[in-house]
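Residue numbering begins at 1 within each chain, and the chains themselves are lettered A, B and C in the order written.
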Amino acid sequence: MSTDRGRIRITGFDADRVESREPLSDWTETRDTGTEGRWVRAWREFRRNRSAMLGLYIVIVMSLLALFARPITIAGVTVQPFSLAPYDPGAILYAQGLDVSAYEAPSLAHPFGTDGSARDVFSRVLYGGRFSLSIGFIVVLVTAAIGLVYGAIAGYYGGWVDETLMRILDLIFAFPGLLLALIIVAVLGKGYWELVLAFTAIGWAGYARLIRGEILKVKENEYVLAAKALGARDRRIIFRHVVPNAIAPLVVQASLSIGTVVIGVAALGFLGLGLPPSSAEWGTMLDQTRQTIVQGPGGSIPWWVTVFPGGAIFLFVMSMNLIGDGINDALDAQEGEDVARGGEV
Amino acid sequence: MALLEVEDLTVKFYTEEGVVTAVDGLSFHIERGETFGVVGESGAGKSVTALSVLRLIEEPGRIESGTVRFDGEDLLSMSESDVRDVRGNDIAMIFQDAQTALNPVYTVGEQIAEAVRHHLDYDDTAARKRAIRLLDDVGIPEPAARYDDYPHEFSGGMQQRVVIAMALSCDPDLLIADEPTTALDVTIEAKILDRLEHLAEEYDTAIQLITHDLGVIAEMCDRVMVMYAGRAVEKATVEELYYDPKHPYTVGLMSAIPRIGDEQDRLQTIPGTMPDLVEVPSGCSFHPRCPFAEEVCTRKQPALVDPDTGDAVGLSDRAAACLAYTGDLDSELDYEVEVTGRDAPPSEPQSNSRIHAPDAEQHRADSDPLPADSDPVGSDTDLLDQDDPDEDTGGQQDG
Amino acid sequence: MSLRRFIAVRVAATVPILFGVSVLTFALVHLTPGDPIDQMVALNPQISAAEEAAIRARYGLDGPVWQQYLTWMGNVLQGDLGTVISVDQPVLPYIMARLPETIALGLFGWAIALLIAIPAGIYAAVNKDTLGDDLSRVFALSGISLPNFWLGLMLILVFALWLDLWPVLAPDKPLLSADMLWYLVLPGVTIGTASSATLMRVMRSSMAEELNKEYVTAARAKGLPERTVVLKHVLRNSLISVTTIAAFLTASIFAGAVVVEQVFAWPGLGRAFVGAIVGREVDLIMAITLFTGVTIILANLLADIMYAVLDPRIRYD
């Protein structure tokens, strides 16, 4: 070692030598992590999640069962000829000359038993999925769309626009959702589209607030500022830059709230304010059966009329929530993607 | 017996991407009262080493093997409650980012006092008094009034002072400082390091200083360990490391330091980046970035050896891990260390415009307003604080 | 801004919201064709048109909607919430008679939710990815997915009918009797389950997030026992986000009461509300809706105050 002290200069560490030579080994700096988009990666992540996939399969099977439960005819043309349900869900079986009475316990012929009007509960549960599932999906699509636009406008423009739109939201949030839905149904009357409207009216506010928050976060990002600086139009900025980045939490929220809507629809049915009393909607079926539990039709309790329709709601909502959780995890996992890089904690 | 002896430490993280060997067969020791530098790029395993010493590695990480002897006792085989008696009491830690290391919902005083109450069995009043004295020691003005302030009411530099006070609260024998000034402005960095050096001296505390800044090493440390990809590649005293670097990686790091007045057209850099520790290059892990590498470097992993003799070394010897010293390379490591301007004021390798010198006496005389032997700290607190008005009086953040 | 001033401003801000709620509800209810008088007339065909008009005038149901609203508003400001027409009783005592039952139910549900959710959430976060965490996840998901009316029916089926531990329906007794309080367990559990599941998930995730922060490592590096690290340092930070959710649950607990009271024939406000909807009791619908609105707003205000107490970083300016 030199005994001199002073300014140190090192020469001879020649970086060019590394760059110009043939690689000594086949080790490469960047491993191929793929260039696929975030949704593709999310889907791969989702598929690895067994409980979420189980939920997805159950939802698909239940949807197919509901679809193929009875034939569908549109304007006299049968577009769906299959009939998985053994009986017409509305048919009173002894009236059709069959040897069936009310409240028959589950058997091979009637796996879920019969109800107080001697209707086949199994057929009704299969068919009833049509109401809950379709209302759930329609409401979530419509509310998410409304909330997206509303929240995007409030969040992007800010100022008095935001202020006004947010006060309207406060108004909606001051009602417990179910109360407002009840009032609306009381005004509009019972029926399928009335339910859709009632749940849309209460459902959009949550999305609007969520999207607004996301937009506020995204808005300050550099690429948005850059787009603005380049003179892009507002609408273009919102839909090309801001919305795609705010969409992930929207998807999570939507998948989780289908279950909420389905429960809400069933709750109104249970209160006798959903669909007409004879319809096979799951909640409405339970409204009919509450009396059987409360009074007990002479000794034996027909538990099956309560267990199966409610179980169907539970199974569907649970599966939807598993899916929602899975989506949440899959989208979350990406954000922590470079966790494994290096050992620094 | 050294204060801390780490032998053959291996730490792995079991991530979804694969097994990351963050620390791989690492050995080093720290003597009582000395300042030991650990230098390397981020991802070299410096922080993991620090956390391993305190046994604070969390899932999915695991300490696979090795011993960590503190005062002769192996921390890795102790019971959890015995280790807790060491943490904060005998070995304390200073974190990189004070803002995240402080709990936002408790006052800074409470966060210092709780360790005092816990380890030293002080009652509330005594712990409070001690915490206030510590706040004063680290240079926080009006310590009694600031005791009840929350972390967000302090500036970044002041927060870091609080973290240092927290670490010193139980008078530890070893202070592990993990990049203590990386998050701070250069001017504040100098003050904090100064203060740390002083306090370590006053409390007779050894420091394990982790940094990626060779300038900080030059100013503070006695001995240095250079880490690359989870292993030690060179160990030396500060003087040896600067004037006679032995490992190509150290040489690269030193070449990469920009110097005022250099005629070079462009900054010399080490090509490439630290490898992803999931898949470390074969042989010497530095070979893809090393201008002196030969074919043998891809096959043979170099051991830490005495660079003069090529023999295996003990815990404390000067060592470098390069095949050049075991006679495996065909050609020489053809770099040169020139020392120029012997008569000019000493100026050292530096990462910013501050002046550092390994020669501590001279450095103090040049850049420190205090005489080098002016202790105790209590008396010079006021002196030091006078010259950093922007930080100390501007400590209160608005918000 | 001081906390007191903040509260005053927030309370003042609720006035326009409550006004909006009342206008919206009033408008909705009056869009409906048909009112209790129509039903009365339908049941008693001998009522003449002149008599019908007189009855309407008596209940303020003649004149255009805005006029009816103003009349209603004027009365409310004087403390007159109107009349429950079917029983010809003023709204206020009618509500007051049922309020304690609903409050008891709500508080019981709340207590169950908190008692289960907080410890279970802490446990799950600390023991992440263990069997206990998985079980708590299953519980949370099931709790959220269970329709409360079905859960209520199943509880009656199992505990009242099969095991015979409870009567099937709420006994017709005063609230503070042993029978009623014992019976409260069933609807209380029903109403608390969903809330506790939601709260537990929030607790777990916020706790898990906090556990990853560096101040936790710093606290451990001080040598504090793990119990202190979790229950002192982590818990207080996690509770900050949990408080907001807990306040929001007030709304869902009230909505739950509407359904659950129906299942168990619990004589509270929720059941009265369903009755009001079915019977188009305008004044009663208005009063209960406004009452709920006030409760929810107060709960959110409470959450804000709790927030300030727990998080020193929050300043109201």
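In the analysis below, contacts are C-beta pairs under 8 Å (C-beta built on N, C-alpha and C of every residue); 3 or more make two chains touch, one makes a residue touch a chain.
Computed from a predicted model, the values in this text were never measured in an experiment.
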Identity of the most central chain, Cα criterion: A
Chain whose mean Cα position lies farthest from chain B: C
Pair joined by the larger number of C-beta contacts - A-B, B-C: A-B
Length of the line joining the C-alpha centres of chain A and chain C, rounded to whole Å: 24
Chain centre separation (chain A, chain B; CA means) in Å: 50
Intercentroid distance (Cα basis), chain C paired with chain B, Å: 56
Residues of chain C touching at least two other chains: none
Residues of chain B whose C-beta touches two or more other chains: 51, 58
Chain B contact footprint on chain A (complex, rising order): 1-2, 4-15, 17-19, 23-25, 27, 29, 31, 339-345
Complex contacts: residues of chain C adjacent to chain A: 16-18, 20-21, 24-25, 28-29, 31-32, 141-142, 144-150, 153-154, 156-157, 161-162, 168-169, 251-252, 254-255, 258-259, 262-263, 265, 273-274, 277-278, 280, 285, 288-289, 292-293, 296-297
Touching residues on chain B, where the partner in the complex is chain C: 51, 54, 56, 58, 81, 84-89, 92-93, 95, 97, 100-106, 114-115, 118-119, 150, 152, 163, 166, 399
Complex contacts: residues of chain A adjacent to chain C: 167, 170-171, 173-179, 182-187, 259, 263, 266-267, 270-273, 283, 286, 289-290, 293-294, 296, 301, 303, 306-307, 310, 313-314, 317-318, 320-322, 325
Chain B - residues contacting chain A, complex: 11, 13, 15-18, 20-23, 42-43, 45-48, 51, 57-58, 61, 230, 239-240, 242-245, 248, 251-252, 254-255, 259, 268-279, 281-283, 287-291, 293-295, 297-298, 334-344, 346-349, 359
